[in-house]
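Following: one structure in structure tokens, then a few remarks.
Letters A, B, C and D mark the chains in the order given here, with residues in each chain numbered from 1 onward.
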Amino acid sequence: MLTTRRVDAYHALTVVAPGIAERFRPGHFITVAVGGPASSTLARRAFSVHDVKPDYGGTVEFVFTVRGPGTAWLAERKARDTLDMVGPLGRPFPLPRDPVHCVLVGAEYGSAPLFGLADLLQRRGCRVDFVLGAASADRVFGALRARRMGETTTLTTEDGSLGVRGRVTDVLPSVIADTRADVVYACGPLSTLRGVAAVAIEFDIPIQVAVEQTMVCGFGVCGSCVLPVIGEDGVTRMVRACVDGPVFRGERVRFEDIGTIPFDALGAPGAPGGRAHEPGGQTGNRHVS
Amino acid sequence: MLTTRRVDAYHALTVVAPGIAERFRPGHFITVAVGGPASSTLARRAFSVHDVKPDYGGTVEFVFTVRGPGTAWLAERKARDTLDMVGPLGRPFPLPRDPVHCVLVGAEYGSAPLFGLADLLQRRGCRVDFVLGAASADRVFGALRARRMGETTTLTTEDGSLGVRGRVTDVLPSVIADTRADVVYACGPLSTLRGVAAVAIEFDIPIQVAVEQTMVCGFGVCGSCVLPVIGEDGVTRMVRACVDGPVFRGERVRFEDIGTIPFDALGAPGAPGGRAHEPGGQTGNRHVS
Amino acid sequence: MSVDMRTYLAHVELANPITTAAGCAGSGRELAQFFDLNRLGAVITRSITLTPRSGRPTPRIAETPSGLLNAVGLQGPGIDAFLDRELPWLAERGVTTIVSIAGGSVSEYGTLARRLASAAGVTAVEVNLSCPNVEDRGRIFARDPAAAAEVIAAVRASSRYDVPVIAKLAPDVADVVAVARACVDGGADALSMINTPLGMAIDVDAMRPALAAGTGGLSGPAIRPLAVRCLWQVHAALPGVPIIGMGGVMTGRDALELILAGACVVAVGTAIFNDPYACLRILRELEDLLHKRGFERLADAVGLAHRPPGSGPRGRIDLEESSL
Amino acid sequence: MSVDMRTYLAHVELANPITTAAGCAGSGRELAQFFDLNRLGAVITRSITLTPRSGRPTPRIAETPSGLLNAVGLQGPGIDAFLDRELPWLAERGVTTIVSIAGGSVSEYGTLARRLASAAGVTAVEVNLSCPNVEDRGRIFARDPAAAAEVIAAVRASSRYDVPVIAKLAPDVADVVAVARACVDGGADALSMINTPLGMAIDVDAMRPALAAGTGGLSGPAIRPLAVRCLWQVHAALPGVPIIGMGGVMTGRDALELILAGACVVAVGTAIFNDPYACLRILRELEDLLHKRGFERLADAVGLAHRPPGSGPRGRIDLEESSL
């Protein structure tokens, strides 16, 4: 590990990881093991890649906020400690073929992966505008960088301590209208993404969301990170955010059904192609439902 | 935590702990919790106190060798880390009323608690001679200090890399004879203590041993550290090394029966006062014995 | 504002819900060096047997991931010495004492209960059912609903009417609710769960079992999910029966987890080995967590996680800041 | 000098004893990004069901001390899609594949076995018995010796004679040996243990169960002592029956622990989530440990901890330097 720094409410760790840096594309994430050798925490923790740099053969930076034991442990790491990191993981943001107008929406640390994306988009001649928001000023991540990179940057805070008082979804319609946006990219909590997708759908423009759904493995084998997504064929499937995402077309994600198995999902209990009787759970926990 | 240092094969940690330093007497031990907040290791680790100093209100130093996950974790601690330490624990070495001749025997890190003892004995006018041994030169702890403090110091190593080739028990008879020792104090692995006790018994002089029996709590509640010891009344009891020891009169410890329940121990299966039938184990593990 | 931490085991009021777990606090004196035992809701003694017991050979305890395996084997002084020396020491200090008992046959349990019935200072009797029944080829009472019920009935019959009888259950059964129900039908006033499930570790250097006894009981945070599940199932089936919950409680959060699942008393075992002040720390943390969640009374949190989905939480829910 | 790591499941030879555990390696492709699956003794698939299954709602996995609770609910493509797409993919690459199956009734298990009997590339069938029997009020097959035996007999009858049938057992029963014996009597060629015991966690902030399904299966190092105990008991009772051991294996030492207890194959589950290379690392560590102990063949270590006390160890014993 190379450096650790604080950015307002966030911690940022930079790690020498040439293999990851080399293959990185914006939207990728990495996972880290936390707690050290005798750790009692087994789930890996997922973080968006904020930045990669060519120094030392390739470095990767991620940004996080302390939430529970894993991030608390990470926050205590010091330069020169080693970190068990796997990546790059997931499907990156798809890029438009043409030089279109793009609005990039980031809520809380959700803005972290947007700057690499902005860079790529601009190199393809796209116009980039930012909308960044958070609960309070210290939790708006990357405002300065957005101001430097974006054609315009609109900031929102719920307490009004920076920019417009409110949420990103409050200002998004006018930003889309003003910038004549062709496409929206968004990253942040599910509730925010749901609102952002609704706005884009109303404007009838494509919306790409990078979702954050609790992950354990990050590479498709544990089954923890599923959410209902409508496929090309119109069929809803419980797909894995880690390998089928984290980036999805916003209108395909059934945000309102996250945390449930929609009755019309493929293989849902009682669904066509599913089973008529309550299916045998691996550990048979019928008595609690 | 104040300082960490390496001494040959050993690590030494000095911790600011006025409450422990104040009440310390030679033979006491301390326990530390290992692995940090999300640790998967629950048992405390016991270490003899090597030294206490008045600096910073009172510091405690202990010396250890890396054996498993707990000591590996301790070896990585850095100055200014904090340590969860409980002590002083156990019964210290009893001191002779009169200014007698004492031989202090230490094997491996077992010599660590002997220097504080030597100091006290000398202040009471006792003559102190050291016998220190280990497998190899780098594992003989405190040879220099012994040479400074002791009337004589005899060193042994099994590979002959320092002092006499052999074990402490090989040289002890001649040291006892030469120094006209009145009493022996010993600390080290059980196998060594057993041999030392046998020598002292042959010379018919008192022998105090500080035993090391696997501990989990260190203060008498878990029951892990018992060994068969003969009481004043001649009855063998399974007593706890942590609160009834770790210092015992060597001739009272039934070394050869450690790891068993002697049939004549109080409450032994089938013993007088015990039960005729195989007694109900807490978890009823009869099928494996 | 402070939280009303009182709780009830049948008709017996405890000042707070934190107790020591059976076999994890020595005779009481060892812990009393660190703090006043009166600050606990109660002390549960080690399981007292008819005659003195030397316990099992060493090694008796092995460390496992987030757990301990123990085969201490109920080392203890026997009921005579207990009534002579240990119980009076606790009684003199006014410590609320729940006496755990263990036997090898129904009649042994009955005898122990009778001896306790004439002693002063027994607040309740906890019946350790994780013992082999010598009259049934060593089958563990707790694994057999009928045998467990028979033991409880014998203890109930031999105990004073005002002394609650608590049946202590083990998780390694196919249906813990069936055993719980049998015990309640047999006369148990309360239940205690979980005792340690049977486990084993092998020392890969010696290539032998790590414990001299081979197998041992698994305790500590590793088994907390088993404890929560047993509490949940039994509280759902028998909502009126008070339960002492235990199994891997290291912090106030862990204690709250057991309470939300249905425990009205929480016993602390293995955590004491790691931290002699664990019980007091857990009590303080628990009170603090309840307070932060807007509870005025501990009793309101008992079993709260069972409320139907969709119904609002009782306390405040904006816990983001306190969720560390 | 290298160690002969070959092992046998009934008459089937595996190149080495490390496999993935059922449900912990996706369809195989996910892991194949990290290494060649042919380097494993075998891959055990997720439990295949008759029809596609969407699994349980999220949250499906919760972290517990040294463990995970999961209620994934056998999400999978169903037997048709499995035979169409997943099995051929493994077969083309020559991966030794053990197919796990799960059903809700005896006849469903039989049907699944029949479908597999006509497919290419099935080395063995593992029968996941931790499913509720819809014909017996949802009682788990693995908790009922007779029902488990019935399932195994149905699968054995529908499978090719040269394909071993492996019964996968759960630890949360009163007597695992009784279930094991019933399965062997029912025709099981081998046993697999342990599946996850039922556990639960409560989110103390939301004051609700942490899993959407309420309860879930506990896996990871927390349950290793239960796995070792089950292996030990069953290997002692049925020494001739090959056993796939699993439950909390994170390192080569853990794998060796299960082997010394009686496993001849070791499956790795939860560890994969934490380390995609876990299986290969564990294999390397295991071979190294065996080598250091003087073993020339893995087979000599299987069940070795059962040798009577006092008999000398087979390998070298001076391990002080390597015991870290």
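FYI, a residue touches a chain if its C-beta (ideal position, glycine included) is under 8 Å from a C-beta of that chain, and two chains touch if they have at least 3 such contacts.
Everything numeric in this text was worked out from a predicted model, so none of it was measured.
Counting C-beta pairs in contact across A-C and across A-D gives the higher total for A-D.
A straight line joining the Cα centres of chain A and chain C is 45 Å long. With centres taken as mean Cα positions, chain D sits 34 Å from chain A. If each chain is reduced to the centroid of its CA atoms, chain A and chain B end up 56 Å from each other. For the pair chain C and chain D, the distance between C-alpha centroids works out to 33 Å. Across the assembly, chain A contributes residues 40-41, 72, 287-288 that each touch 2 or more other chains. Within chain C, the positions touching two or more other chains are listed as 65-67, 198, 200, 209, 214-215, 220-221, 232, 323. Taken chain by chain, the contacts link every pair, so each chain touches all the others.
Every residue of chain B that touches chain D in the complex is listed here, in rising order: 40, 66-68, 72, 287-288. Listed in rising order, the residues of chain D touching chain B in the complex are 65-66, 221, 232-233, 236, 323-324.
Residues 23-26, 30-31, 33-34, 47, 49-61, 63, 65-68, 70-76, 78, 102-104, 128, 130-134, 138, 140, 195-196, 198, 200, 209, 212-217, 220-221, 270, 272-276 of chain C are the ones touching chain B in the complex. The touching residues of chain C, when paired with chain D in their complex, are 64-67, 69, 143-144, 171-175, 197-202, 204-209, 214-215, 218, 220-226, 228-229, 232, 248, 253, 256-257, 260-261, 289, 293, 301, 304-305, 309, 313-315, 317, 319, 322-323. Per the touch definition, chain B reaches chain A in the complex via residues 34-41, 69, 72-73.
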